[in-house]
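Letters A, B, C and D mark the chains as written, and numbering starts fresh at 1 in each.
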Amino acid sequence: MGTDIINILFSGIFHASTLFLVAAGLQVVFGVQRIFNMACGSFYALGAYVGVFFVKTAHAAGLPPALSLIPLIAAGFFLFFIGPIIERGLLRFVYDRDETFQLLLTFAVVLMLEDVIKFIWGTSPQSTSELYLVYGQITWFGAVLPVYNLIVIASSLFIAVLIGYMLARTRFGKIIRATVDNREASEALGINMKVVYAKVFTLGTVLGTMGGALVIPSTAAMTEMGVELIVMAFAVVVIGGLGSMKGAFFGAMVVGILRSIAIATYPEVELLVIYLIVIGVLVFRPEGLFGGSRA
Amino acid sequence: MPILAASDLRKSYGDFVALDGVSFQVHAEEFVSIIGPNGAGKTTLINVLTGLLRPNTGKVFFKDREITGLGPQRLAKLGIARSFQLVNIFPEFTVDEFLQVAIFSRQGKGTHFFTPRGRDHEVRNQAGDLARLFGLGEKRNIQAKNLPQGDKKLLDVASAFALQPEVILLDEPTSGVSTGDKNKIMEILLSASKKMGIQSIIQVEHDMDLVFSFSDRIIALHQGRILADSTPNEISRNEEVVCTVLGQKECFQIFSDLFGKKGLADDG
Amino acid sequence: MAYVHMKNPKLWVFLAVTLFLLIMPRLGSQYLSYLLLTFLGYAVALLGVNLLFGIAGLLSFGHALFFALGAYMVAFLTTKFGVLHMEAILLIAIVAGVLLGAAIGAVCVRYIKIYFGLLTLAFGMLFYSFLLKFYYFTGGDEGMRVLRPYLLGMDLSAVPKMQFLLGKYYYYALAALAVASFAMWRIVSSPFGLCLMAIRDNPEKANYLGIDVRRYRWYAFIISGGYTAAGGVLLAPVLGQVDPTLTYWTHSGTLVFMILLGGFNTFFGPMLGAFLYIFLQDTVMSLIPYWRFVFGAMLAFIVIVAPGGVAGVIGSLWKKEAARDSARNNADPGSERSA
Amino acid sequence: MKKTRREFVKMLGGTAVATSAMLATHGEAKAQATKTAKGVPSEPVKIGLLPVLTGVAGVPGLAGQRAAEIWLEQANATGGILGRKVEFYQEEETSPKDTVEKFRKLTLQNKVDVISGGISTAVGLALGPVAEELGQLWLSWDATTQKGVEETMPQTKYSFRSVDNEMEAVGGGIMTAKHFPNIKTVAGINNDYSYGRDCWDTYKAVLTHFKPNVKFVLDLWPKLGETEFSSHIASIKKANPDLLFSSFWSGDTTIFFKQAAGVNLFQKMKACFCTGGGVHDTLKKDFTPPGMILGYNSFYFKWTDSWPLMKWFVNKYYTKYKEYPSYEADHAYYTLQAYKAAVEKCYAISGAWPTKEQVAAALTGIQVPSVSGYRGYTEDNRMECLFFQGITTHKNPYNFVTIDPVEIMPASQIMKPAGTKLYDWIKSWKS
């Protein structure tokens, strides 16, 4: 019994930890730029594909599987460059426009990236084989837990802490917080918004790609994973509260654990329950369950 | 019986107190000006009176009915309209459409789903008259966003008049208008309100010239409190008021000038 | 539309297009006529979606829900309840669309912009997972068959399917579009329409003019619900089989895409968009497998460079033309943008 | 399983004869294409292709498309069809709505002679009526016109459907009863759509038929294309059945095994993955357990020694794409080969290029050697072929699992006869 509960909770948290990364990317961009970036799902997919590619090349170059985490993280960071490309190349032209147009522009990016992936990797799923099991398992109260999942959870917790520190301590973080509270004010303070936006969007991108890269050993990269995930990430941020990092964290937890409880108890409602919560939240607590302000 | 009455209104944002126990009454046929230095709570007061903001405590009455925090839309229906300090328009609308939408709303025609608005001659004419009344007769087919600043302001005010309210609140109707036109605008406002049977006007105004020459009553606000509430003559004798409202520096100079009704420095 | 004098080029275009739609199935290839059939369904739906987006300024990312609702209605009524009269089906579906619109709208119109978009998206996906999950009721991913409806009481099951679709059914749908457009034209040029535009441009001011912003948005949502459902009804017999992908969030995206492509701030823009989208997709898809990329790029281009869509571009050219005219003999600008 | 052997022999009957003939046409291509026979138009034959290229079904879709390419190369190198060169017109199979439009386009715009393709049954259900309405030959790869497990188009003229959806599940049930007679409890994890549901229901029916007191303790419905199974696996562990059944057929099979291995799900638990062979070469040894039932649908690439044509095809496919083909390859290959054979059959009789109607008539009940044994069309125009299932093993030169022993089940054994209801038919078996 206890074993089952551990299994269920653990799997929920594992799912949550990847959701968190993507949702965090969504949040930081929305918080600062007021843009709901639908493309964050596509970043996740890109991260996954490039992750596989890096790991495979690394292995071919004779890197022991145990060190595969390095190429994965490298892949996550490597993709930072699509951030500025999209922000400078597309988004900046619509900053003065209505939110809905910005939303549509990111939708356009979703369409484009889907085919970019198809063009480069084709349609068959990409996956790394040994890597997932090479770290072995640990047994905890009779529950067998793959160490790799623990690594993913740990690293996304680490990133969460890192972001928390960045927001609280660093100058960049202060600027972000200032902008979230009052964009006009921080503009008035003579902060160069151009730079801030470029940085923030890149940060959001890397969070997404990192999520994809870290999750890939335990799964496989598939063309539609982006479109599928955005809906989940969207549920997370709505439940957690748009624009709030704390929201991303708890929102991910809620979605991840709830899903895995649903599967363990009433598998039929797996998806429904999440959308129902989303609607419930939007109706009764549009600012989200965990902080975030404006409705 | 007063048309509009405020009793002990208090409103604070965080620890900043914008209104600190404001009470007054406005009766029919009155033109009341609210003056005071920036941050005295003038605009907050208007927003509370027109239901945009709900006061922390205190009540607002329209005739004998309490309307505290009732919301602009309901108040507009009851007969309270306002214009805004910063131009507040429908940029895409032509002057005609702008005034028509207000009239449709007043006549409750907003939910006529299938009647072509173009064929509603009554409304067209009314809009036309109103436009002419506010000197926009020649510009009826120009989009609001393409009007000069002064006309935008007038259009905003005109749309408030189009509701034929009993009370109209004007938040700095002449701000951003060249000093020369200010008197003209005031004249327009008065004649318009006569024509449209508007009972009383409450305005926030910085231009002391206008204030003293047109108002029946002046309410001076300072730090959310009513400093004085009296006739222009009374006020003009009240050194304290003039000095707080206009700042110490020019005080004496102005104080002496006041009787000569010469133009005072008008801060934005 | 104040008045249309014979000089007005718009009138000529309008007549030309009408003629084209009338004779196409007689002259043009059968395949193109099939595409036009699809177009007719979408055109009706977009009239509704754009009342919300173009006129009331609310971007819905879940309106495919109503489209699918209409389409599934046809399937249910023809297969499960033996209701075969198209008129009855349309009526019932529209009522269903209106009722569901009223329910969902009541929740959604409390929010605007992103929040409105997300909430509608959530409802769309909820409906999607409903269609998918309640397999024994909705046929799951396989969806449901659509039987051939009676038109104006005529049982046409004897006619070969193609003749039916490209013959009577085509003109039936075309007539439906005509009626729908006329009704919508009246709506946007009514006081109500003007109030919606006021709300779109400046809700606060509209509120101060005594317009009940939320209520009017709700009305708009309800109407659009009915229209979109009707569009779904018209398309269903052409498909012959309805399935849940009709309400997946990307299909809602497609609806908005069409509107943007054509131009959301003109009356015929959305229809033009539906037409262009359908025919472009058809050509691009068979030219290269990466049509999504092309369309993504196209959407990006429109959003950034020409938010007014194709109609917007044409319109601005027209304005220039008109300006040149008015230099000579001053034409009346009032006939500009009353749609 | 006596029936099996008899059927098997029948299907292979005349291999000796056939093989030589086949290799004549399929053996390495003669360069020059012969000129068209008399009574045959000279312009190329137009064949419409409808492969899925995105989403979950993109994997089999690609296999089918590649096989079609190989067939085209081969056919044109050996003189096309009756000397007519063959051309492909390709459109993408996507949602039912769009695919119907593509089907009409190929027919009315490109005027193709036949359309080969269709994987999703949702699409199949939409295409069937359209094909009949347009009088267009449609040879489906994998799509049926079934609603659930029942046929919606009992008799068609122009639509030639694939084998029934639930066949793998029937086979899986038989295999389970045969190889794991002692299991008491079974859990099922299937994709949340009709194929998944039909397979689970069918499997339960078949297994109950042989083992009336087996208990079914859990059924899970992850959506098609799910990439995160740890929650499902947790609740399977909770239910702890003797055997896990699944009809996964795409990338999610690989992901599931990987994540299952992560928590030693299959330490004691048996498994039956009746369709997993669809992605056989991604089922790496390091996470796919031996000793479980794995179905390869209608094509098992290692069957080469028994069927020269397959040896030829697998080599060709592997040298070209560095992968071992999966079942969709032969679904596609066969439809094209069948069309060719039918046309030639008609020509032999009439001496002229046949109409679609004539070809359709010739296709009904046809039997042709394809790359995985003889394939044919039943009297009610459903595909017939051999099905391959077996027990997974790591004893092979590859880095993925294969099966040994291989059980071969002909369609006539595991596909319900025309006009019968599935569950009545299952009940009618003697166990």
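Convention: a contact is a pair of C-beta atoms (placed from the backbone, for glycine too) under 8 Å apart; a residue touches a chain by one contact, two chains touch by 3 or more.
Keep in mind that this is a model prediction, so the values were computed, not measured.
S.K.: Could you run down the chains that neighbour chain A and chain C together?
M.R.: Where chain A and chain C share a partner, that partner set is D.
S.K.: Identify the chains adjacent to both chain A and chain D in the sense defined at the top.
M.R.: Joint contacts, listed by label: C.
S.K.: Compared with chain D, which chain's mean CA position is the farthest off?
M.R.: The chain lying farthest from chain D is B.
S.K.: When B-C is set beside C-D, which has more C-beta pairs in contact?
M.R.: B-C
S.K.: Between chain B and chain D, tell me the centre distance in angstrom, where each centre is the average of that chain's C-alpha atoms.
M.R.: 78
S.K.: What's the distance between the Cα centroids of chain B and chain C, rounded to whole Å?
M.R.: 43
S.K.: Between chain A and chain B, what's the gap in Å when you average each chain's C-alpha atoms?
M.R.: Each chain reduced to its C-alpha mean, chain A and chain B end up 51 Å apart.
S.K.: Centre to centre, by mean C-alpha position, how many angstrom separate chain C and chain D?
M.R.: Averaging C-alpha atoms per chain gives centres 40 Å apart.
S.K.: Mark out which residues of chain A touch at least two other chains, giving numbers and ranges.
M.R.: 114, 118, 268, 271
S.K.: For chain D, write out the residues touching at least two other chains, lowest number first.
M.R.: 53, 223
S.K.: Quick one: which residues in chain C touch 2 or more of the other chains?
M.R.: Residues 133, 289.
S.K.: Let me make sure I understand the interfaces: which chain pairs count as touching?
M.R.: The list of touching pairs comes to A-C, A-D, B-C, C-D.
S.K.: Please output the residues of chain C touching chain D within their complex, sorted ascending.
M.R.: It is residues 29-31, 34-35, 38, 132-133, 135, 139-143, 145, 160-162, 239-241, 243, 245-246, 282, 285-286, 289 of chain C that touch chain D.
S.K.: What residues of chain C sit close enough to touch chain A in their complex?
M.R.: Touch residues, chain C against chain A: 57, 59, 61, 107, 110-111, 113-115, 117-119, 121-123, 125-126, 129-130, 133, 249-250, 253, 256-257, 260, 289-293, 295-297, 299-300, 303-304, 307.
S.K.: What part of chain A is in contact with chain C in the complex they form?
M.R.: 34, 36, 90, 93-94, 97-101, 103-105, 107-116, 118-119, 227, 231, 234-235, 238, 242, 268, 271-272, 275-276, 278-279, 282-283, 286, 295
S.K.: Which residues of chain D touch chain A in their complex?
M.R.: 53-56, 58-59, 61-62, 219-223, 225, 227-228, 230-235, 237-238, 250-251, 254-255, 258-259, 261-264, 279, 282, 284, 286-287, 399
S.K.: Okay, in this complex, where on chain D does chain C touch?
M.R.: Contacts found on chain D: 53, 91-92, 95-97, 100-102, 104-105, 107-109, 120-122, 125-126, 129-130, 133-134, 147, 152, 192-194, 197, 223-224.
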